[in-house]
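Lettered A, B, C, D, E, F, G, H, I and J in written order, each chain numbered from 1.
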Amino acid sequence: MLKYIKSCISPELLKVLMEMGHSDEIVLADGNFPAASHNDKIVRLDGNDIPSILEGILFLMPLDTYVENPICLMMHGEEVERPQIWKEYEELVTKSENVFKAEYLSRESFYERAKTAYAIVTTSEKALYANIILKKGVIVEG
Amino acid sequence: MLKYIKSCISPELLKVLMEMGHSDEIVLADGNFPAASHNDKIVRLDGNDIPSILEGILFLMPLDTYVENPICLMMHGEEVERPQIWKEYEELVTKSENVFKAEYLSRESFYERAKTAYAIVTTSEKALYANIILKKGVIVEG
Amino acid sequence: MLKYIKSCISPELLKVLMEMGHSDEIVLADGNFPAASHNDKIVRLDGNDIPSILEGILFLMPLDTYVENPICLMMHGEEVERPQIWKEYEELVTKSENVFKAEYLSRESFYERAKTAYAIVTTSEKALYANIILKKGVIVEG
Amino acid sequence: MLKYIKSCISPELLKVLMEMGHSDEIVLADGNFPAASHNDKIVRLDGNDIPSILEGILFLMPLDTYVENPICLMMHGEEVERPQIWKEYEELVTKSENVFKAEYLSRESFYERAKTAYAIVTTSEKALYANIILKKGVIVEG
Amino acid sequence: MLKYIKSCISPELLKVLMEMGHSDEIVLADGNFPAASHNDKIVRLDGNDIPSILEGILFLMPLDTYVENPICLMMHGEEVERPQIWKEYEELVTKSENVFKAEYLSRESFYERAKTAYAIVTTSEKALYANIILKKGVIVEG
Amino acid sequence: MLKYIKSCISPELLKVLMEMGHSDEIVLADGNFPAASHNDKIVRLDGNDIPSILEGILFLMPLDTYVENPICLMMHGEEVERPQIWKEYEELVTKSENVFKAEYLSRESFYERAKTAYAIVTTSEKALYANIILKKGVIVEG
Amino acid sequence: MLKYIKSCISPELLKVLMEMGHSDEIVLADGNFPAASHNDKIVRLDGNDIPSILEGILFLMPLDTYVENPICLMMHGEEVERPQIWKEYEELVTKSENVFKAEYLSRESFYERAKTAYAIVTTSEKALYANIILKKGVIVEG
Amino acid sequence: MLKYIKSCISPELLKVLMEMGHSDEIVLADGNFPAASHNDKIVRLDGNDIPSILEGILFLMPLDTYVENPICLMMHGEEVERPQIWKEYEELVTKSENVFKAEYLSRESFYERAKTAYAIVTTSEKALYANIILKKGVIVEG
Amino acid sequence: MLKYIKSCISPELLKVLMEMGHSDEIVLADGNFPAASHNDKIVRLDGNDIPSILEGILFLMPLDTYVENPICLMMHGEEVERPQIWKEYEELVTKSENVFKAEYLSRESFYERAKTAYAIVTTSEKALYANIILKKGVIVEG
Amino acid sequence: MLKYIKSCISPELLKVLMEMGHSDEIVLADGNFPAASHNDKIVRLDGNDIPSILEGILFLMPLDTYVENPICLMMHGEEVERPQIWKEYEELVTKSENVFKAEYLSRESFYERAKTAYAIVTTSEKALYANIILKKGVIVEG
């Protein structure tokens, strides 16, 4: 553990976040996501939900402001209303980045995108619609 | 994830628990425990507290009934009253094993014991007095 | 060994089952299946037959209910009547999943499918027609 | 699989048996034996009992005739009568070697001996008193 | 060494033969064959000739009876008469399999086939025309 | 790079700092320190001086307040006056920890201590008397 | 450290520079460059800026004189005037090579080129337009 | 060192030469050749020139007599007269093989050919036109 | 294969022989020798007898002339007359070294000596009394 | 290759020299030295003699001036006069360090010292009395 680092951010995840550069993407996947068959670099965070990990990451890592949508969410189809977990994400991202701009991908497109991500973080998140991809931005003052 | 396995029990931890035999010991260590300098086999469960892991382990792994004390706790010195976390442990163990028999070790003895354990599980547990060692018992029906 | 885990489920197999996500597939192969030349991840369970392994897996892992056929069987050609081992499989699956929906593949198609599976479990099963592929479902409560 | 090799003898076990030389020892351990903490070379045969493995080994590997007792059994203390599993062992060994000469060790001595063995085979044997050590003999005609 | 296993069959080769399944192929290559540049899995048996290895393999491994030619030989071109080493092979195979059915490949085709084999065994065989590929059959009773 | 993390703190160093627990020690060594012959875990930070690394570490990692001297410095012998680099260290530590309590070791003792440290960070620091050991404290809020 | 080698040149970087041959390329990347996702061989030099590394490299490694432009720079688009860091590069290269001939690539082309480079050196350089590729020349007298 | 083996032939090179089979090729590259970016198997022989290595290799390894040109040389373009180093090569090869038959490749073709070679030996040869590829022949009496 | 190297000398053995220096020892062990439990470096030469390997080694490697007995043989006890295999060894060594000076060790001493040898070569030698240790001498002209 | 680095200094040796710190020792061993049995870190420089390597090292690495004898030589016993190779060493060292101060060790002491060295460089040096140990000094300006 270290000061300012949330306890759910493991040493391995922190190392991965630091090694990522501008435009590299990281997937935060729910507990049922087929992570190991879609990427070689897997960071397991069993027992944690995505919002707490997201908060820990956003504290340290800015999102990409050079693209329109630095966030990807996975749609399951005919959603009637915006899922609660997306509202949580929106709140956390807005707090950190002032804005929340997301791209919405079908399951197939999301899976394809996950294959080219820098890493996938597996969690025990149980909410539906919870999978999310973050694109890293530029650090001005390291 | 699998049915009946708590989500905080990672694949690696489950594999370790299965490979352990009768009388092998596992340490559940708080977030400040110097784990990597006391054992070669480390299972990290960042972001989790010990009681939820303990509950997940006890569901699957019986404690040793051939020794007087299959549990070790770490004393910090002149404790005035029994810490709250110990009461939680006692409740969880009693629910699973009907009885709670613990040995109390000084910090130095606990550290030495950790060196010979089968593995150390690192957690983000914040409570004081939370370090605990479990000695595995016999599985009658696998 | 652990409580509730059948003794034929090895630590390595359990770890593999946990790491698999929704829609990942696992092959249970008979003793003559050319496993190592069709997949990089091989779990050997020499000396065991498939029904006992299947029972151990189904206790822990739900099948995929989002696809029509979460099970694949391998046809050898002009079978006159349903092989005995398929009846065993049907019984085991129905007991666990209430329903048994299988796709039937030719030997060539089955081999191709095995190449993209998450893992192949090699057994000492001697029955003909015994090769089977399971597609993992969603865990609601981990 | 190969002709003449029992299906419970895995490729890895067969390789280990071949690499062993005159006087090297192998432990067949029951399902609760703390194998991984007593030896670096572990061959797992989950789901198998010891008699069937023993029979498969004895078909291929002679016992040492240069020592008085090429077999070690583990006593648990004040056994009243000879356990059934020992009778099975005696029958299997006598069939292969014409004679059954065993040394009886206390649990502590057996554990110490296991540390210096060439390898430990972990099984799912459930019988008590089932742990056994075999000392390899000389192959005259390879 | 083990009983019934010819001394020229190394532990590594035995393990490879066991891991092979129905229809996997193994190449027995003469001393000049460019083995390491044609396959990743190489078993070296320096100092041995192919007939003695072939005899050791055929004792343990049946050939495939589901294909027309479970054996491949390499032609060097306009052979006038059947090479002596092929007669040796025919005798050994017939003794074990009752029949000898071989496919004859050009050097280029043989090299291509070797790339997809399960493994190549390098020997010190000096006879011309000695390279041979065996396709593994089904083990009925393991 | 990440927000709040000084750019001289490499991903590997950050991972090491996180894995360290209460009472584990880390050595910041000057450019001539024989690091690789005194510890197995080496983090190279070529091109950096110690004060900037120290500042980056102290921002994230508290020093141990349970021991009298959480800092070790290496004396070279008959120093007449306090070296400038020690004053820099004192300022940095005091800013972060409010107090600066250091133990002074001879070269031999310092080298011995370095062998049991969790890791050694090699730098390009050129100042004399610059070697320093930090003992990690307790993180209350991770 | 060694004589004549700048302290920011790490042992690993020096080894990489030596192993490179005529026409191999090395990328010096700023702190935000997505290095690990564009090349397998990464040399991290956290805490250092590019000009000091460039100076250290040019002292040891000549640039390729057989191609028109042994240097690549990355354009970000409509630069109005030549960035300051390019002037620094020009000065350093001219001092060592007498001439400064650079190719200017778009971000996409630069990224593609980085994938085929021999290695990428990651730095903490903060200047914009700082990414640079060097093509190694011929050593006449080693 | 061994009798009859020139001291410039390293243990690793000797092992590589032995593992090569009929028609496998080995590149002897000058000090500026970009070896590591053109082949995965690299044998470094720093400090040695090519003629002495060539002599050591030819003593042990015959060239291929089944192809027209078992030797490849690299042309740099409009050579006016035959380089001195080629004369050395011709003398060495003729002494060993009675004949010197070489194919002459452009730089691009030579580089492509090097990619498919069994290995590249890097030397400190300084002569121009010195790169050479040898195709291994058949050993009749091993 | 290479010219002058006997075909039973494998690439790995040749590499080991070259890496050995003056006074390093190598064990040639019969088929029943417990090699893997007495040394970490094992070179397997299954299917070969010791005299042919010995001849291949002696052609390349001189014995140590600085010690009284560069050869060790293993006594089994009350040998009545000199075993035939020792006469073979004597003939081979005398042919190469002009003299045959051997030390005779008990089984226990031989086993201890094998532990400190540079490597053990396992063979399929069936003769009794065949184990032999060679101490490498000085190469004057490499 | 790089400018200023002698071609006999391999990339691996240069990396080792850089990683060494003040007081670490490196052994330059003749062609018969039993290097691999006396140290885990071996740098092979087959085909090179020690004086040329020594010259390359001394150009980059200062010797330790804090000890009386930063150089160790190996005596073979009753040398009548100073060997020629020592005179070469003296000349090279004096040119670089202005002074030549050596300790003379017996063969046994030299071998023991080599075990604790940072690395051993194996060469093809043929001169007697050529083994030499260098103790690294302090780099003031890196």
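By definition in this document, contacts are C-beta pairs under 8 Å (C-beta built on N, C-alpha and C of every residue); 3 or more make two chains touch, one makes a residue touch a chain.
Every value quoted in this text rests on a predicted model; they were computed, and no experiment measured them.
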| item | value |
| --- | --- |
| Chain-contact steps, minimal, separating subunit J from subunit G | 1 |
| Co-neighbours of subunit E and subunit B - touch as defined | C, D |
| Which of C-D and D-I has more C-beta pairs touching across its chains | C-D |
| Gap in Å, rounded to a whole number, between the CA centres of subunit I and subunit C | 51 |
| Between subunit F and subunit J, centroid-to-centroid distance (C-alpha), Å | 32 |
| For subunit C paired with subunit J, centre-to-centre distance based on mean C-alpha positions, whole Å | 62 |
| Subunit C: positions in contact with at least two other chains | 1, 6-7, 10-12, 19, 31-32, 124, 126, 139, 141-142 |
| Chain-to-chain touches, reported pairwise for every pair that qualifies | A-B, A-C, A-F, A-G, B-C, B-D, B-F, C-D, C-E, D-E, D-I, E-H, E-I, F-G, F-J, G-H, G-J, H-I, H-J, I-J |
| Residue numbers on subunit C that touch subunit B, as the complex places them | 1-7, 10-12, 14-19, 59-62, 139, 141-142 |
| List of subunit I residues in touch with subunit J within their complex | 19-24, 118, 138-142 |
| Interface residues, subunit E side, partner subunit H - complex | 29, 31-37, 124, 126 |
| Complex contact set, residues of subunit G against subunit F | 1, 6-13, 31-32, 44-48, 52-53, 124, 126 |
